[in-house]
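Given below, in the form of structure tokens, are the structures.
The same chain A turns up in both complexes below, where it pairs with chain B and then with chain C.
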Partner chain A sequence: MTMALEGACRPMARCVQRPGLKRINLQIRTFTTSNASRQEVTDITSTSSPPLPANPFRSPESSAAVVHKPQSERRLIAQHGIYPIGSRRRRAAIASTPSIPFHQLPYQCFQEARKVLQQDRVEKVAEIAEQRRRMEKVQTSLAQSQSTGDEPSVKQLERRLRDMRQHLEELKILADINDPLVRKKFEDGLGDMNKPIYRHLADKKWRSYKRKVLVQRITQMNVVPDILPHIDPTIAVSLSFGRKDIPHGGLVLSTLSEDAPSLNIQPFDRGERLVTIAVINPDVPNVAKDGFGYRCHFLASNISISPTQTRVDLASLDPESQVILPWLPAFAQKGLDYQRMGVFVLQQGSISEEETSTSTTEEQSSPANLPVQEILSAARYSKRENFVLRSFVDKYSLHPVGVDLFRTQWDEGTAGVMRRAGIPGWDVEFKRKRIYPLPYRRLKEERYR
Partner chain B sequence: MQPPSMALLRAFSPLWKAPIRPSIFSGLLQTHQPQQHTADFSSTAPRCKRKKGKRTDMRITNIRYHLFHPMTPRPLRWSRNRHLRHWTIHRAWQLYQHNLRHKRDEELQKQYFSMYNACEALRNIDNYGLTAEDRTAMGEPPSEGKETGRLYRIAMLKRGMWNGPPIEYARIQTDTPPRNGWNHQWTR
Partner chain C sequence: MAHQLAHRAGRTIRAPSTATLVALQSAISSLTISSPNPATLQRRNASHQAQGRANGPKDRAGKRLGAKKTGGEYVIPGNILYRQRGTLWFPGDGCFMGRDHTIHAKVPGYVKFYRDPSFPTRKYIGVVFERNNVLPQPPNAVRKRLLGMLAYRMPESSNSSNTSEPSALPSPPTEAPSKAVEVSTQPPTYPQTATVKNTRENGEVITSQLQLRSGSYQWRQANYDIGRTALQSERALKVKPYDPNDRFLAWRKRNARRARAAQKRALGRGGKGAAKGKAKGRGKKR
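Moving on, here comes the complex of A and B:
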């Protein structure tokens, strides 16, 4: 215990021993050690400017708590008649506290707690190594039974290996979840999404509120049974037109949605994957049928997504190998209600982990890349009107993993948007069919039954 | 710790109105009564701006009463580092408690299984302490009748278990007396 306290006090003691130490990084956030550039900038300004007192903004009253040099104490007493508060050691400690890194702050209980957590982390890291060793063993025996062709034991070992991998992932998260610096970094938005702990925290945060809102919107507005039968979002999708972020299900001005939006697609599990993005309008009026049909406003495939590579600008995709149907502005003709625009992110290939054992991946080696040119040449999915996403998903064995929604309405800009895009019908107004009331006076022989 | 008396608080509380004696306060009571807000059946908020007159919402009164009650602890207002430090300590404490619980569970599990194994061994042996395998190995004839597992059956009857002192007070029977005799100073 005493050792830890001494260790914690050491920087403070250093400050006490070296009274000439200049405290230049006062304005710097105390424990973001990664941000070196700001520190450099402050250093340069402090050397170039004329020497200032320790803190020019400090009033003599408040500096009574922090002066710790005999000279400055004397100056304070002579000039302002204020006596310093507390012992010199205490004042030095208070003055130097901002320069102590967070994990060395000299609080006894805090240091004890850190010791407990560090001990636990060491244990967890050892457990991870142990688990890896065990997995290697299982893998070797799996390879053996594969070579001998023992089918039941292969299956059992594969299941075992999958469970072990899951446990390993849990351990990786448990090793870091109690670290206050990890927590702080995540709260600041500086977390590295390549690390499992930050992915886990981001996933928890998303599921705690945003995903609930999203699921509520897509079920209340019936996007889910209307366009696709069911979806369980595991990837966070957010939509923005230019600089404007659109909340899930928000009404978007037609002038704003004239240009293609950009998507932020944030997966929470490791590895790259290819996705297909489809924007479907399920509220296209069909006058002949007296009903509604679908229209595809955008369709692109083979878009590479990873936890760190999340931004997808729908306007800047490759027209040769990715875009099937380019962006068509969202519009709703005059007299119609608002129209829903469902944005779907569909994962290509198998949804299971990419690290599953070699035999299963060979078996399931469905082509992850969609044949864009083939789709374009065939008429089925290259026309916008009556594009049925259900059949597209079934045909190319896609897995819906992310969804977003926005709505569009007739507004003053819609006519211009439609004219510029060359869409007919900008001068058409939809009206309800007048239902004439029954004649007031009924004939004698007509009776209610 | 004894909580402070609520009698004084109740005297000034807007909720628990002391019955006003009708002697000298009768005039006051008359002017006071029409202002009292009666709870209506609609759950929508009253339009205070449109409907003139002072209206008090009982729900808000209740919330305020309990929120600013002197016995309600003040909210924790901490700086970020202070909060992080608190969080660290909290997590360490939770972890410690978890480990403790885990250890106890393991201990209990071990005890349970050792008991189980003991019972299983008792069930398999006969009066000579031999199992069926032992007998065949020694070339003895198999034990007859109820000889096998007799001790187990007796143990499972638990006869006289509740007659003596409680089982918590029991001492494990040993061949020799304990090294330091009876502890006369022991109290619960």
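Moving on, here comes the complex of A and C:
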């Protein structure tokens, strides 16, 4: 159904522009704004109000939906700090089309298709209600068998409840997936990440490209066998130093990475969770061993994140209860190759595949806090050098859920960065060790014939 | 029409039998005057050249392909392990493939010929650091890597940016590092500029600021410094500015330039030809 609707979405998208456009003054559009979702119901009704006349002298707020020339886009961003909404093609379509509400569009086939969609949604909503009622029944029988202590039936019922919950989540997504208004909101970056449909769409979008790039970078640059044995990223992590966003695996100037970065950690499943963030360098030269060691550049625990609470500034975490090892600037000494800096997001406590029920929300409301002071007092994980993330993850039963990577290299600013941070070795240069050729052996005489 | 008529008459017209046709054809051919067409004669010729260089000489020299090192042999980076046409063998850990698919060693160690279960159709050549190591490594294990480098202290440089007495230049980069040094904890001061005073024959003292520019390894004066010194020198101050209205000066300059050009011409052309001419002339004189 979704596929068949792709074509129908375009005329819909054209006409769903809101007259008057009481837009929220958002500087940078993210997935999450909760107040836009509250307007969702009013949006549909408000489309019936008189359409917006094509006014060439519109306000900058309203022109964000219709600018479609690069020059005017740039002017809007530079002069008003407002970013254009959606794709350029879409904005051009909106600008050239009068806004007529859905139910007044003069296309018969389109109106018939709308009816089908509305009917489908009504069915799905009814199914959701039915599923909820069934789950309540199962829950009451589960409580009964728990009180009687019937172990096999408790297990069976719990499994059944889990499957039902999964189906309920699927239904919730199916109810909204064909809604053109939902699609528009998501494309505008106004989707509310508290709702399953927007989380689903965001996850799909992330997996379609960005996650593939990330997985390629961490496998090609061997982050995965070198720091951790395996990782299956389920949370989108992006890194920025100040205002500069760093692509996965990008080379960062040493002066830029002198101050702690901020992370955007975007989970796609419901609920709050506590995570540990570790930044590990696996390319620390060890001349005595003639090999490489690890160094922990940052370690902090008990950081709460949720689908709507994604920003983590590594510099502004609580030093008492969260930070174990504060930020150490990334550096690579002269003569060495670039050094990888793996950023890991490790979920604390148990990971539940399915969505939360009453019982699991209780578990999640008290996730496993890491004893920061205890770790600090013990010598093992409070030292930066030779910090083995594998053993740390095993000891505190953490689950790697997100990963990012950047690289650092010796550059003009590295010596200064190291001196300011009080790191010894800024005046040390690495040079290749000479490997002596094998002694020449004269071949036996018969070989020369 | 004829068929319809025949049908109506109740008779059927049959096609003549093959025997009849062959007899008819032979009768016609015996009647023809001209000789049979050679194209229709169906002679079969040899389709494959049997003599000369047609099949290619197969006795050319061997290309000396194959394994150059055996399993377990010690190799150093760059050593050729296998010469091949195409990829019979693939480069594994510690190896790389050259332009003509030759497998080279990338690290010092011992040669291993092995198969990798993750790519079962390929055969690999690898190099391990320890003789008893096994390839392939487990897929989730930390890679074994060699640093292959030594740490040296960078050339020490003294800071003399605002000292009045002439200071010695920082020591130039050492040509060969003697031995690895351990890392110090006290960061020494970083040099920016050095002042150098030179005394001329006439007793004039020239002070110049030398700088170690980023991206450069040598101490040198800045270009603007050189230019400023030249403009402020005694000789530069003595030069009278050129007055275009002083036609006598212009005439003198022009004549001097012409004289210089004539003198140059008399010395001969520059380049290869000039050198030859000179040699000839000299020979004649002798």
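In this section, the second predicted complex is superposed on the first by the 318 of 449 C-alpha atoms of A that agree within 3 Å, B and C clash if a C-alpha of one lies under 4 Å from a C-alpha of the other, contacts with A are read in each partner's own complex, and residues count from 1 in each chain.
Keep in mind that, in the parts below, a residue touches a chain if its C-beta (ideal position, glycine included) is under 8 Å from a C-beta of that chain, and two chains touch if they have at least 3 such contacts.
In this text, all values refer to a predicted model and were calculated from it rather than measured experimentally.
Steric overlap between chain B and chain C is absent once the structures are superposed on chain A; the two fit side by side. Of the two partner chains placed around the shared chain by superposition, chain B is the only one that A:E112 touches, whereas chain C remains out of contact.
Of the two partners chain B and chain C, it is C that touches the larger number of chain A residues. When both complexes are overlaid on chain A, the residue A:F292 reaches chain C alone and has no touch with chain B. Nowhere in the superposition do the C-alpha atoms of chain B and chain C come closer than 14 Å.
When the two complexes are superposed on chain A, none of the residues of chain A touches both chain B and chain C.
Residues of chain A that touch chain B in their complex: 30, 102, 105, 107, 109-110, 112-114, 116-117, 120, 178, 180, 183-184.
Interface of chain A with chain C (complex): residues 222, 225-226, 229-230, 285-287, 289-292, 333-336, 412, 415, 418-419, 422, 424-433, 435-438. Those residues of chain B that touch chain A in the complex are listed here as 80-81, 84-85, 87-89, 91-93, 95-96. Chain contact summary for the complex, chain C toward chain A: residues 74-77, 79, 108, 139-154, 156, 177, 180-181, 183-185, 187-188, 190, 214-215.
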